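These notes concern the structure reproduced below.
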Amino acid sequence: MTTVHIPGEDEVPADVAEVFADIRRTFAMSFVPNMFKVMAHNPAYLKASWQRVKVVMGPGLIERKTKEMLATAVSATNGCDYCVKAHTAALRAMGTCDGEIVELMAVVDLFSGFNKLLEGLQVEPDIGVAKRA
Amino acid sequence: MTTVHIPGEDEVPADVAEVFADIRRTFAMSFVPNMFKVMAHNPAYLKASWQRVKVVMGPGLIERKTKEMLATAVSATNGCDYCVKAHTAALRAMGTCDGEIVELMAVVDLFSGFNKLLEGLQVEPDIGVAKRA
Amino acid sequence: MTTVHIPGEDEVPADVAEVFADIRRTFAMSFVPNMFKVMAHNPAYLKASWQRVKVVMGPGLIERKTKEMLATAVSATNGCDYCVKAHTAALRAMGTCDGEIVELMAVVDLFSGFNKLLEGLQVEPDIGVAKRA
Amino acid sequence: MTTVHIPGEDEVPADVAEVFADIRRTFAMSFVPNMFKVMAHNPAYLKASWQRVKVVMGPGLIERKTKEMLATAVSATNGCDYCVKAHTAALRAMGTCDGEIVELMAVVDLFSGFNKLLEGLQVEPDIGVAKRA
Amino acid sequence: MTTVHIPGEDEVPADVAEVFADIRRTFAMSFVPNMFKVMAHNPAYLKASWQRVKVVMGPGLIERKTKEMLATAVSATNGCDYCVKAHTAALRAMGTCDGEIVELMAVVDLFSGFNKLLEGLQVEPDIGVAKRA
Amino acid sequence: MTTVHIPGEDEVPADVAEVFADIRRTFAMSFVPNMFKVMAHNPAYLKASWQRVKVVMGPGLIERKTKEMLATAVSATNGCDYCVKAHTAALRAMGTCDGEIVELMAVVDLFSGFNKLLEGLQVEPDIGVAKRA
């Protein structure tokens, strides 16, 4: 159970309600995720965080679907159930199939293993790495 | 310093040398990364790992550049200097610019933060998550 | 489900029962947390761990409430549900409100994100860091 | 070595230079930390991140020194050398002594250990946790 | 709930069914673990992963029970419920008692704590470490 | 560089010097590891930690070499250079060869990967896990 009160969408002040409306609009969602609702206990933090989500996940040099894949991979690596579920749902809404999700996680599996191996053997970076063709 | 001896490419048995040649050929590299060299202390493990790298990083449903981005993101999340350097070098070889790398890491930053926030508040998954449009 | 038997407070030997009594007394708790109960399978480990808890969480240079905040932040970062719940409960017992808990987790969010960003870009420490005013 | 170019304070556009000036002013620092400099490759991300730093680390319900302790503890738990050094320097500038820093890390040590123990034994939360007095 | 479909043992193609049969035979299990079932969405990944499991967990220089202990310790450190349960079950099947499991986790507890302490204080490696007798 | 002063063995009070002597004696080492030296800033914490090391690493149900392997595996998983080096040195002093160390890290690699895969796909525990033969 969430350790703080999750405010209902109708019990928040006007400025928070505006952010909530922007979240629903931007992501074309019928609800405001609990993550943003709990941030309402600190409206300035909610606003700054939402602004940053729009900047980071909005149009840029990397396409949106790749960013959702990255978000899912990072969340798997950090072990966050909530985010894995939320971003897998986002990928599903973009038409991602089971095979693609398993392939994505195969990459997470492969390199998470290698990451620890290299640490465990204290392997030095390859001198040639900058010369890679 | 690596905790085990890093065998030179010329001091390994023939079956290991064959894997080394396949690694250089597959990735069009002028050297065998230290990660594979240390695996030579256990040839069966080297072979099985290299086979898995070819399967996971080879042609599939997700394109190669996206996989390199995922590898870099996962390695950043796990805190592996060696892999961050190696996969950033691979991205560079594919023409990735500074702006794209910073945007990639902005996604890692954003969700690594949210991952811990959600854990720290024990936020429950959204009931509506499956209904997302 | 816990992977080992959780011994009841009445099925432990006298020396373990004494530690249990000291835990209840020290923290003014009506029960012995499961964490200490499972340690009873190794009484020397229980005693040494409880002694260390008393030293680390007892009076020192940092006040108790700050230590509970640190414990909650560390547990969120490590992803431990049990500890997040236990230390949030301890903070609640000290009168901590929802706003304070969200502010605490905003700090965890902010720096967990930056931690991974810095790793992902391999950013060098600032030369000026020691000269900071 | 940082994987992207670290722009000098004099080679950035006017809007980025303004953020840099605000950072130096706010933290009374003689330099802009490399972390913010690398963000300059994506000015919108820099601005949104800096805004969030000001909100999270600015005046609130938790005092500034406690927030720096939390930042140091979180960075130690995530294993970020850059941040550990930066926030320890900030604590030093506030007059924190060796004994206080070791006591802070003793809390990180104690609970990081317990976090993994509880995961490793899959210990269930205490039913009595909400009733804690 | 698993984010991808878990294929039944009777709905997979012949080559996957063969791997499944080999898994049941090798581990003398009456079922195929869900982990391998979800890999069936990518048969080449399943085969390469299963081959690697056989190599790493099969006969070598370290005995099987020690490897199961290592697997349980690593899974506790990474915070993976599924693996902690699976490998504790494997240890139980080898006759491991409650006391041994708690002693195993005491080691995980002790060093996970020290790992973070050393990071948090940026302690330099001992010069004498190579000379240790 | 260590963020706190590392006290020399000759500048500590008598009770700390006694612990230092016990450390050198117990591990048959010619020096006191920096980890214990920095703890000297908080003698009660040093004493309680050293007492716990003796209990956890001393004679019990698991043999010493296996415990050193577990310590190395846990430290690799947590990404602690200092501990990886220290415990690999301890394993070397017990006669562990390169092949054994690589095999140990192959286990860390394999399961660290699987740990993240299972999290990333939210795979449910096997119902049959308790029935494993």
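Details
A, B, C, D, E and F label the chains in the order they appear, each numbered from 1.
Just so it is clear, a residue touches a chain if its C-beta (ideal position, glycine included) is under 8 Å from a C-beta of that chain, and two chains touch if they have at least 3 such contacts.
Everything numeric here is computed off the predicted structure, so don't read it as measured data.
Using the contact threshold fixed earlier, the set of chains in contact with both subunit E and subunit F is A, B, C, D. Among the other chains, the CA centroid farthest from that of subunit E is the one of D.
When the C-beta contacts at B-F and at B-C are tallied, the pair with the greater total is B-C. Subunit D has its Cα centroid 19 Å from the Cα centroid of subunit C.
As a whole-number value, the distance joining the C-alpha centres of subunit A and subunit E reads 27 Å.
Across the assembly, subunit D contributes 3-4, 38, 42, 45, 49, 52, 55-56, 60, 73-75, 77-81, 84-85, 88, 99, 101-104, 106, 108-112, 114-117, 119, 121-122 as residues in contact with two or more other chains.
If the chains shown are joined wherever they touch, the resulting network links each chain directly to all the rest.
Partner subunit E is touched in their complex by these residues of subunit A: 79, 84-85, 88, 98-99, 101-103, 106, 109, 116. By the touch criterion stated above, subunit B contacts subunit A in their complex at residues 1-4, 6, 28-31, 33-35, 38, 52-53, 55-57, 60-62, 66-67, 69-71, 73-75, 77-83, 85-87, 89-90, 92-93, 97, 99-100, 103-104, 106-112, 114-119, 121-126, 128-133. The residues of subunit D lying in touch with subunit B in their complex are 3-5, 38-39, 41-42, 45, 49, 74, 78-80. Interface of subunit B with subunit C (complex): residues 72-73, 75-77, 79, 81, 84-85, 88, 101-102, 104-106, 108-117, 119-122. Residues of subunit B that touch subunit E in their complex: 42, 44-45, 47-49, 51-52, 55-56, 60.
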